[in-house]
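Pasting the structures here.
The two complexes that follow have chain A in common; it is paired with chain B in the first and with chain C in the second.
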Partner chain A sequence: MQPTHTRLEATGAEDAERLLEVRKLKTHFFADEGVVRAVDGVNLSLKRGQTLCVVGESGCGKSVTARSILRIVPNPGAIVGGEILFQQRNGDTIDLAEMNPRGREIRRIRGGEISMIFQEPMSSLSPVHTIGSQIMEAILLHLPVTRQEARKRAAYMLDLVGIPRASEQLDAYSFELSGGMRQRAMIAIALACEPQLLIADEPTTALDVTTQANILDLIRDLQQDSGMSVLFITHDLGVVAEIADEVVVMYLGRDVESGDVDSIFHDAKHPYTRALLQSIPRYDSRDNRRLYSIKGAVPHPFDRPNGCPFHPRCDDFIAEQCNRIDPPRQVISGKHSVRCLLYSTAEEAPNNKDMLP
Partner chain B sequence: MIWYIARRIVYLIPTLLVVSVIAFLVIQLPPGDFLASLISKAEETIDQAQVDALRERYGLDEPIYVQYWKWISGIIARGDFGDSFEWNRPVSDLIWERLGLTMVISLFTLAFIWVVAIPIGIYSAVKQYTIGDYLVTVVGFIGLAIPNFLLALVLMYIAFRYFGQSVGGLFSPEFIDAPWTLERMLDMLSHIWLPVIILGTSGTAALIRVMRANLLDELSKLYVDAARARGLSELRLLFKYPVRVALNPLVSAVAWVFPALVSGSAITSIVLNLQTTGPLLYRSLQAQDMYLAGSLILLVSVLTIIGTLVSDILLAWIDPRIQLQ
Partner chain C sequence: MNRNSEIQPADSSAEPLLEVRNLQMQFPIRRGAFRRTVGFVKAVHDVSFQIRPGETLSLVGESGCGKTTTGRCIVRVYEPTSGQILYQAEGQERIDLAGLDNRDLRPFRREIRMIFQDPFSSLNPRLSILQIVGESLKVNQVASGSELEDQVASLLRRVGLRPEYIRRYPHAFSGGERQRIGIARALALKPRLIVADEAVSALDVSVQAQILNLMQDLQEELNLTYLFIAHDLSVVEHISHRVAVMYVGKIVELAATEDLFRNPLHPYTEALLSAVPKPDPRLRNKGARIRLEGEVADPSNPPSGCYFQPRCPYAEDRCRHEEPVVREIAKDRWVACHFAEELDLQGFEAIGSTTKR
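What follows is the complex of A and B.
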């Protein structure tokens, strides 16, 4: 049996803790030029109240993974395989991957049980509607309240996310707010219906550093108060170190390494993870070393390398192995697993063709 | 908002003044005058005394600024647009009913364009690169490419041949010179569809393209995804956010649709025998009937300016991003 499966057949107690379980998710884009395998067999697992960070360079499928969970993958993309198991508030576990993306059921989940905030707060609010009307819209969609109650709750949410003079700002338009305030407003919309899961897709990338820190603190505080889980997508390892309980490192639509935050930062196995960690600039380095960077660039989606997708950029490339064999997931210890031939056990390596996800 | 409108209206005054000067200069530009063209067309020679008498009567010998002053002061003070040389009647007798009919046809055409083009444009954008979209695109380009007067001829033939309707004009023969009554109104409404379709075709085709392009721009914006992630249904989402934003530029298009309908449809109106301002303007320019032509050009310009004002006010009202300062 594959290691993945042993992990899934865990004890019942652990099952109850698990809010989201993504298994072998594949989301492909069917362009005229060919199929882009943006997400190609990703596994994620997120417990209640915890924060899972998904990291990787641009173009690794992080955002598409997040959008797949909410089923808002843009055309011509579609989920072609895998499961997205989500435990609803009523205790039932459902597979989001099987739902009709335009159906009533998924719409109840969106904003109600799972919310999302986006990379650019500048453009994720409507330019011609007030902040208040957009928060109230989310509230009225999911909670059984009147308009007056919704407006009151909207003001409460704006206050909660630290927007000054909240009840006045209800009637403000997005262009009247700063970037940081807009992202706070987005968070207010996302959390207005007390979702179980917040997906944050690089929510601080477009903001300046001070504002970044404020927004991160805000998300962490709100998470502590409400007990919600957070799926945090970022390419900033500094942020990961600060907020993550667990980490998934993605490369070209694959989860190349995953584990708790300590094992990723102190015991990284995959050459890609190690290279990412090495690329963090350090202010305490005395010598005038150049900044480390991973050689090459993420390949064009149509020209995906065979075997391990990272092998052309890998320093530990094993000739005639890495460019042929797609490495299977290997459990290192506990939750820590990696997809790399360097760690595959001798008896598994030769005939792993049928184990490819 | 009220201050904004007031300020815009004050700004209109110098604009109107400049426009009236230009309108007057334009009709003076071609060499010769009404009398010259009258003489050249006359079968028998007109004797010089008669010409001089006419010249005196219409003040054609005076300097151009005096002519302008006489003209514009008459309009402002008494609503007197001068006399038409060719019709030998006051211009104001000639133009008001025609201007009214032109406005009616223009408004109907504008409504037709919007009612047809906006839903089709939305469909075309939402279903981008489907058969329906391609079909709409092809039909739209054909609509743009066919000259209106040709379409007029074809539709007139069809209306006459297969529906037995009296074609041309806005009224049945018995109502042409009748005073305004309910029957005349109904008669006009039963005739107006043909010119409205003909005049609206190219505008509709153009607006479908504009609407499609605007909406495609908006559909890919993040706020649409954000609203979808909130749990909004696709249809409500579509109309509440991207369509709403995509409509803004259409409002500013009101400004130019209006004068285009008033002045640009001369040939079609001649073919359709419509009693609108287009044919009148065309004929007055040919005959160098300067007070009539000048008045029409002035009125079309005024309509354009008013159209711009109306669309600016509408835009300021529906788009909160516009600063009222």
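What follows is the complex of A and C.
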């Protein structure tokens, strides 16, 4: 029942290229009212130097997935199953899901091998420390350098992310910078120790479009120079189309569809992916005044539907099937896979090419 | 093909429903123990435009450009520093809302209503839906008792909510449903003009599409006029008949939607359009993206000449000395740029809309 696993394990050559592999990750929150299955069996795989976008609406578990990788899931959440295999710089592969979230080992990885940037730079940066001291903190923690060298490197990092007058800005506080500059400062902190993996959780959502464009360019340039991988979490399909190599679409804690960016946008299979694509207003849809909209809303986390989580909102709902059977992951072709009963055998898949409106 | 000819509800010769003339809004900057005024933030600086009955006029621009302040002046949350807001009441003379005091404003507060951005903070959590939506009906003595309930129920039905929810409290609703409640509240007194301030910005794409469709339906049914304030250009392109682009408190360009997106005349409009991520990976790297250098000008200390001049790739000497005025260079095409006739700027299409289908 796990065609993907066997396929991936069979190819040894690809293995060396793979930096991160998340298998059947389950992160649940144990609240007083019940258990919220925020992440419920997510698979994703990221190669070196590539950008993987995790896309979905609020409450789909994309941020919890990212936090699970770094083991910073807040209470009362906990990883209850699955593996997070990460290839360290020394070549060893470790399972982050098994680590003690407060242990020495994971703290070495956080900031050193895997860094994260967040949506709201103002609330992620300390208002009482200068930008410089926050970058230096990360450097001194992970690299064997003196304070002078760390300060030099901090100035270099600020310059790298395009902050003007970098050596002066080392002594600035976060509130003295504009939104775009704060986000750049946060990227500088994240990249100070040259991580192998950058996790970016909606880093441009709070920014204006022109600033967003600059930050996306910056991340892409830095990635090209350093060869790091990026796990990019967003709800904005426009951003996904700009930067992703591969895409995972999430809905209610599940990876409903994953594949390379072109198949997701031009050959989407899952009804949810197709509906998402159709509901974005776009320039060439102007003849058609009404937007396609998905009926209903994302269900409350406590009453998660049985069977396929999307079935109450799905236009292709098959009665007595979709509400009972939890659809397995089906490989469509190559990396493209989908969880939907419409495709329970790949040959029968209806021809849904060019589903874009 | 030409959407604007199809849905243009009001010919440009019709009497405007609302005309804003030379609107100025300054906020004092106070410092020191005696709260002395040391300067002014010119949030809105000499803004003029008309809204025609039955149309949707959008105000777009980046954060801090004054679009929200303009909207708030029109609903008279703020008292403008100077300028006129001429409102055409039914069967009456035009009235300048800017000069009225609270008592005289009363009848117009029923006709000009507002929808807010954040559906979580704009509804009082201690009031039931009946109280929230019915409040204005009660205050204005339109209805009471069971009649009030009937009216609220029919308003809820109109915005696509079940009338049985009338006794529930806002926490029981999702973001999209709350936004519907906000719309029902705005509709209660049969308004003519609705100022929608980022009404869909906080919503997920699938829900955003539902609300946009609802707003368009209501506009047709009730002959509403919208002032739509937004920063998301694809949404604006979808819903508006005409668009005004603001930069640092001024309107830099105002035109019919199609003209503005296809053939922008102001360099800032061009830069904004080029920064919007296109939801199609095949368009990546097609068309040059204009990277705007530097930051949005400080409205308390704007640059000399044209406010956009320090970031404008086409700026010339004249731009640094002479402030461009907004002028009508073709019918219904307003622009504030010295070189509007000479520049050949890229629209949305040149950058590439989807070519396939």
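Note that in this section the second predicted complex is superposed on the first by the 342 of 357 C-alpha atoms of A that agree within 3 Å, B and C clash if a C-alpha of one lies under 4 Å from a C-alpha of the other, contacts with A are read in each partner's own complex, and residues count from 1 in each chain.
Definition applied: a residue touches a chain if its C-beta (ideal position, glycine included) is under 8 Å from a C-beta of that chain, and two chains touch if they have at least 3 such contacts.
Everything numeric here is computed off the predicted structure, so don't read it as measured data.
Superimposing the complexes on chain A yields a three-chain arrangement in which chain B and chain C fit side by side. When the shared chain is aligned, chain C comes close enough to touch A:Leu276, but chain B does not. Of the two partner chains placed by superposition, only chain C is touched by A:Glu57; chain B is not. When the two structures are aligned on the shared chain, A:Ser333 is found in touch with neither chain B nor chain C.
Applying the stated contact rule after C-alpha superposition, one finds that A:Met186 touches chain B and leaves chain C untouched.
Of the two partner chains placed by superposition, A:Asn90 touches none, neither chain B nor chain C. By the touch criterion defined above, A:Gln148 reaches neither chain B nor chain C. Taking chain A as the reference, the larger set of touched residues comes from C, when chain B and chain C are compared. In this overlay, which is a superposition and not a single complex, chain B and chain C have their closest Cα atoms 5 Å apart. In the complex of the two chains, the chain B residues touching chain A come out as 220-223, 225-234, 240-241, 244-245, 248, 318-321.
Within the complex formed with chain A, the chain C residues making contact are 1, 3, 7, 62-63, 174-177, 204-210, 212-213, 216, 231, 233-235, 237-239, 258, 261, 271-272, 274-284, 289, 291-292, 295-296, 348-349, 353-354, 356-357. Note for the complex: chain A touches chain C at residues 57-58, 178-181, 208-214, 216-217, 235-242, 244, 261-262, 265-266, 275-277, 279-287, 289-294, 297-298, 354, 356. Taken together, the chain A residues at the contact with chain B in this complex read 67, 70, 72, 74, 102, 107-112, 115-116, 118-120, 123-129, 134, 137-138, 141-142, 173, 175, 186, 189.
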